[in-house]
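My questions will all concern the structure given below.
Which chain is which? They are A, B, C and D, in the order written, and residues in each are numbered from 1.
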Amino acid sequence: MLDTRTETLHVVYLARLREAFASSGEAFAFAGDGTTVAEVIETLRGRGGAWATELAPGRAVRIAVNQVMASPSTRVHAGDEVALFPPVTGG
Amino acid sequence: MTVRVQQAAFDIGDEIDGMRAGDARVGAIATFIGTVRDVNDAASVSALVLEHYPGMTESALGEIVADAKSRWNILDALVVHRVGKLEPTEAIVLVAVTSAHRQDAFAACEFIMDFLKTRAPFWKKETTPAGERWVDARQSDDDAAARWSPDTR
Amino acid sequence: MTVRVQQAAFDIGDEIDGMRAGDARVGAIATFIGTVRDVNDAASVSALVLEHYPGMTESALGEIVADAKSRWNILDALVVHRVGKLEPTEAIVLVAVTSAHRQDAFAACEFIMDFLKTRAPFWKKETTPAGERWVDARQSDDDAAARWSPDTR
Amino acid sequence: MLDTRTETLHVVYLARLREAFASSGEAFAFAGDGTTVAEVIETLRGRGGAWATELAPGRAVRIAVNQVMASPSTRVHAGDEVALFPPVTGG
């Protein structure tokens, strides 16, 4: 049987999250189609440390999937670019 | 309809002249310029660094402008947003909208700014006497964007 | 707070730069530019002559600007209005308002335009293929000014 | 007894009214304090011709007294500058 964990998406961290995670992004192995952004975040949170702090429930985290604003319930697919970032403050 | 993200400073007069050049249908140009203040949230600010999400920024701005064009009778719209390090009094963003009449130009310009503030992937980091800090989003910006629900004109 | 009435063309960039120069309290500049269109009320327009009431114009504009300053938290306001003969695409009027935050700047700029349109003693005469004609006032301008009753913010 | 008609104010005509009356203004003898702008306009209308047409009841005429917006009920005094003009169309 195929190990679906070999499917990957690319996670991008921006602004305060990029600094807190000391990473601008990474390849992320996941269970394949049907997985939601909320589930991806839940997995990241499980790493503890800055991940648990910055992604704690109640912290405002914004999401874009393939560079379009998305929500925790958005489903992701192999190859997707999932960006996590704080509320925007441009202008 | 033009959106640009750039490090370089821009000339406000040239930008406005360029977008309306020769178009005698234009009767109204509403513009907004956001500039760096030397104080924010009770701390003095000596510099600002603007970060963005390169892949997404232009498309997010383009969508906001297209949405404005679908809601109001406008002729053209221009958004120029700077990234990188900026100092107090420098211009961060220019939004300019042309129309036959002023109501459409004003409304579309304000709409674009409200959604740019809540939907376009830019983040500000300030240098203050206590060090660097990320600027917090304001509830008032969310409220401003919420005014423009689809059935509100 | 500056109001000017003049025949000469003005440079939009210079005017905006001049009013905000060096003031690091400014975070927002809202501007409006009114320009001559080549069509109005279904007739093509080749020129416009702006007449005014010299004794009254500056004081009427000054009062509108002072009223805006009393209603919103603005730092400065500039009104430049041209008189004499103008051609399509030329700028007629510039209103620029500086403030710490954009909502005050936008509202004050729109307010000044709405009252300029209904209270400042200027009159337009158009040259059309059928000859010269005085431009009629628009009900929509009265309606726009009426939005700003003293208890509406 | 003093002939109050020797009191004068200065009437100014602007834009379409200036053209219709072929006059940018004139000295205007009136009955003195207590007279309203409406009474001044009524006298002018009595001249007939363009005066009757342009100042006909129902025509939109705007008024400034001493360069401040005023209304038909505003009272005028010797030496006042009373301007009559169409609704403004600047901007």
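Please note the rule applied: contacts are C-beta pairs under 8 Å (C-beta built on N, C-alpha and C of every residue); 3 or more make two chains touch, one makes a residue touch a chain.
Keep in mind that what you see is a predicted model, and the values were worked out from it rather than measured.
With centres defined as mean CA coordinates, subunit B is found 27 Å away from subunit A. Here the CA centre of subunit B is 49 Å from the CA centre of subunit D. Separation between the centroids of subunit A and subunit D, computed from CA atoms only, is 74 Å.
Each of residues 34, 102, 113 in subunit C touches at least two other chains. Shown for subunit A are the residues that touch two or more other chains, namely 91. If the chains shown are joined wherever they touch, the resulting network is a simple chain of contacts running from one end to the other without closing.
According to the touch criterion at the top of this document, the contacting chain pairs are A-B, B-C, C-D. Per the touch definition, subunit C reaches subunit B in the complex via residues 11-14, 16-17, 20, 22-39, 88-89, 100, 102-103, 105-106, 109-110, 113, 140, 144. Interface residues of subunit A facing subunit B in the complex, by the touch rule stated above, are 12, 14-16, 60, 64, 67-69, 81, 83, 85-91.
Against subunit A, the residues of subunit B that register as touching in their complex are 34, 50-53, 55-56, 59-60, 81, 92-93, 113, 116-125, 134-137.
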